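Once you scroll down, you'll see the structures, which are given as structure tokens.
The same chain A turns up in both complexes below, where it pairs with chain B and then with chain C.
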Partner chain A sequence: MKGQYKAVVIGGSAGSFSVVSRLLSKLDSNFPLPIILSLHRLKHVRSGLVEGISLKSNLKVIEPNDKEKIVAGNVYLAPSNYHMFIEHDGTFSLSTEEPLNHSRPSIDHTLSSAAFFFRAKLVGILLTGANKDGAKGMKDIADKKGYTIVQDPSTCDIDTMPKNALRIMKPNKVSSPDEILSFLNNLA
Partner chain B sequence: MIEGIELKQYLHELKKHTAYDFSDYSDNSIHRRILKILKDYDISMEQLIERTKSDSAFVEKVVEEITVNTTELFRDTHIWSAFYEKIYPSIKSKKFINIWHAGCSSGMEVYSNLILLNELGLLDKARVYATDINTRMVTMSKNGQYNYRFNYRYLDDFNSTLAKKPINGISKIDFSKYFDIDEDKDTMTVKAFLRKVPQFIKHDLVQEEVPFFNKFDIVFCRNVLIYFNSKLQSKIFKLFYEQMYPGSFLLLGNHEVLSGFYKTKFIKNGPVFVKNTAFHFKY
Partner chain C sequence: MAVNYSIRELRGAAEELTNKMGIPFNEWSQSFLKRRLLYATEKLGIRKHEQLLEAINNDEQKEEFSRHMTVPVSEMFRDARLWRTLRQHFNETSYNDTINVWIPDVSTGEELYTLLILAKENGLSDKMNVWINHNSKSILKDIENGIVGTRKLDTNSFNYKRFEGTASFDNYISEIEGGFQLSNDLLKNVNFVHGYFLNTAPQERMDLILFRNVMLYYKKDFHNTLKDYVDQKLKPGGLLCVGVKEVLPSPFSSRFECIDVKEKIYQKFKVLTD
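After this line comes the complex of A and B, so read on.
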């Protein structure tokens, strides 16, 4: 496993904050890959998410600026009210174009663009949530032979999002948060 | 998916046959916008290229759809608080305050800004130019009419930040002074005394000379440059630098930063970039 992947991208919506917080608090502080997060936010609670996630994280959490270069070992969170993409040169690009699946940031946008850049060297993880965002992005990662993990619906606060993904793609694993954690720690 | 070569060919034909040049827009975003257009119009890349050569009305419509028009009243309240509390008071003794909104979209930030200027008694000093590449947006800006239910909450948002932290003793702006509201039609329309202040001009930041002679105290250009590649961004930073007075203010989107050579020509101060001079503020 070690050295096989270049990045981890995680999508999540309702209920995912506590899962992400827990993952980041238990990951090794020398975790060698960049972690790219696209999480839905409550409308009108636009600030505070990065601080909330940073609180327990062993890794540095950043809301990237447009054209910022991806650096291994950092955690990147899609900024409030922007879509976040990975460009062809490995930098982030941001956009305020229309919401996708009623969401901005949209998980699909981040996941699909990451799939096109990292191809088989990407781990894609989709967590708990209440809509269908992320399903298409996870399928794109799988199509590019990246490694895909969907959170086990029985462990989700709201299982709509993982179930929608499972309807259109077959992930490498369906895992509980603890299993996701041990998978990630094995990459280190 | 569009083949890279087809996209390049389209951008080449657009440049050759029209006044527009999108070849230095960022790859990923132009790719997405074109895909959306192919889907919305149900045409092939080949048909798009053919119609671009001959149908100028179609080209205008496509340009309107390539450009992104997201904006809000008082978007990112902390920025407007900074203008209200610090920046405007620091330049209130100037004879004129020249302001350029580059990429003004539907005009909501233009009017947000004018409301603050009026609250501070500075409206008469304001000379405001607002430009956008999109003709439909320029017209919408001039009309100043917006969907009421969707947009009024942004005014409430600004008032709740004022309520939490009053500025100069003001804890609430009476927005009914600025809008005529028709709940049945679900519209809010900017009152004429504000609408007549700005000059709204159709202008392509990338291709055209600037349509005015004066320099500026404030340039707003929010979430426009994210659609350009680094090379084009640098060109626009240079343009802004040359159009701005020393010590004047450039406001970009929340997650946009200056890069390259012009990074050294501005100092970030709170939410704004200040054109570099001997003269520094602390916010």
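After this line comes the complex of A and C, so read on.
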């Protein structure tokens, strides 16, 4: 699987912070791909989340500015109260457009735009959460022949989000957080 | 029913719309333009690009198109710390003359009313002149009538508390059918300019330009053009605010100093060497 993918995109909502923290704390510090995180978060709290995730991460965690270039080995977190898209030139494009699925950042927006840019070279992962956001984005990744993993609903704090995805698409894997970690480390 | 452009089609469409409307759609970031066109054509019930070109020959349809191309969502006192910082700046600065403020892309008006409330609570209403631009006459009319974000009362009220305003947010609003209306009393010395901001800028030079979350929607290569344009309109010592996740393109260090890194407030030097 080494060299097969160009990026990993992860969506999550309620309960996903601890899963993401755990993944980033156990990933190899030489992880070769950019990891793009779109997590639901409080819109009026701009600081704290990136610092919290950074605490245990082996990789550098950044909230990108608009038009920032995606660099391998960095972790990018969608800023609060902005949608985060992947632009056609491989940069981030932020937006204050309408919330989608009551969410800004919307996971669907990030995942779908990443699918459009990276196509089959993308790994899409959807974690625990209490919303239907992310389901369409995962389907878009699957439609572009990217590799898709949905967190096993039985391991989720709240299983609404994975279950909604599983209703409309068939992922390559349904995995526990430990299995997701093992998969990612095999990419390194 | 909508037009879902491919990237190749989008480039051609952007050029045609630019020529037809005098607005540089060809400088809009591509994914943003694609989304806005998808949204606008869906609202207008248009399935083909040729239909859109035909539709905007009609003034009424052109107006509708302009309305739907607007990003409608902002909120009052978004980034409350910015507004607290501006309040402090106004209170610490002695203005001999009027305070001129320009909002080149006023969106749906929340930022205007935020500014007007700040001015009122700090005794600056008579001193402040504000210019706002928008392509859509109907959106300008809504703003003039105080019809702003009718479904966002809770958010606006919450943000006002974080701004630490000196009154109650309820003082500024009245309930109307289907939402609320901001008080017309706030609208002192506001100039409503119908037209795209790069084509119809005010003649006056400004003490403050609120240019937040506007560059987001343009290609990076166009950011310097935008920066140079607003620079021309700003007085020496004036403030330029961009969005918290935007970056003023380099080079700017000979003309601007970033005086608040978190809120992205830039001050134009009082004495310029170039």
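The definition used in the following text is that the second predicted complex is superposed on the first by the 183 of 188 C-alpha atoms of A that agree within 3 Å, B and C clash if a C-alpha of one lies under 4 Å from a C-alpha of the other, contacts with A are read in each partner's own complex, and residues count from 1 in each chain.
Keep in mind that, in the parts below, a residue touches a chain if its C-beta (ideal position, glycine included) is under 8 Å from a C-beta of that chain, and two chains touch if they have at least 3 such contacts.
These figures come from a predicted structure and were not determined experimentally.
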Discussion item. With the two structures overlaid on chain A, would chain B and chain C clash, or do they fit side by side?
Written reply: clash
Worksheet item: Which holds for A:28: it touches chain B only (first), chain C only (second), both, or neither?
Response: neither
Worksheet item: Regarding the shared-chain residue A:143, is it in contact with chain B (first), chain C (second), both, or neither?
Response: neither
Worksheet item: Which holds for A:178: it touches chain B only (first), chain C only (second), both, or neither?
Response: neither
Fill in: Those residues of chain A which chain B touches in one complex and chain C touches in the other
44, 63-67, 79, 81-82, 85, 87-88, 93-98, 113
Worksheet item: What part of chain A is in contact with chain B in the complex they form?
Response: 44, 63-67, 79, 81-82, 85, 87-88, 93-98, 113
Item to complete: Please give the residue numbers of chain B that touch chain A in the complex, ascending.
Response: 26-29, 32-33, 68, 70, 157, 223, 225-227, 230, 233, 253-257, 259
Discussion item. So in the complex, the part of chain A that touches chain C is made up of which residues?
Written reply: 44, 46, 63-67, 79, 81-82, 85, 87-88, 91, 93-99, 113
Discussion item. Can you tell me which positions in chain C touch chain A when the two form their complex?
Written reply: 7, 29-32, 35, 71-74, 78-80, 158-159, 162, 213, 215-217, 220, 223, 243-247
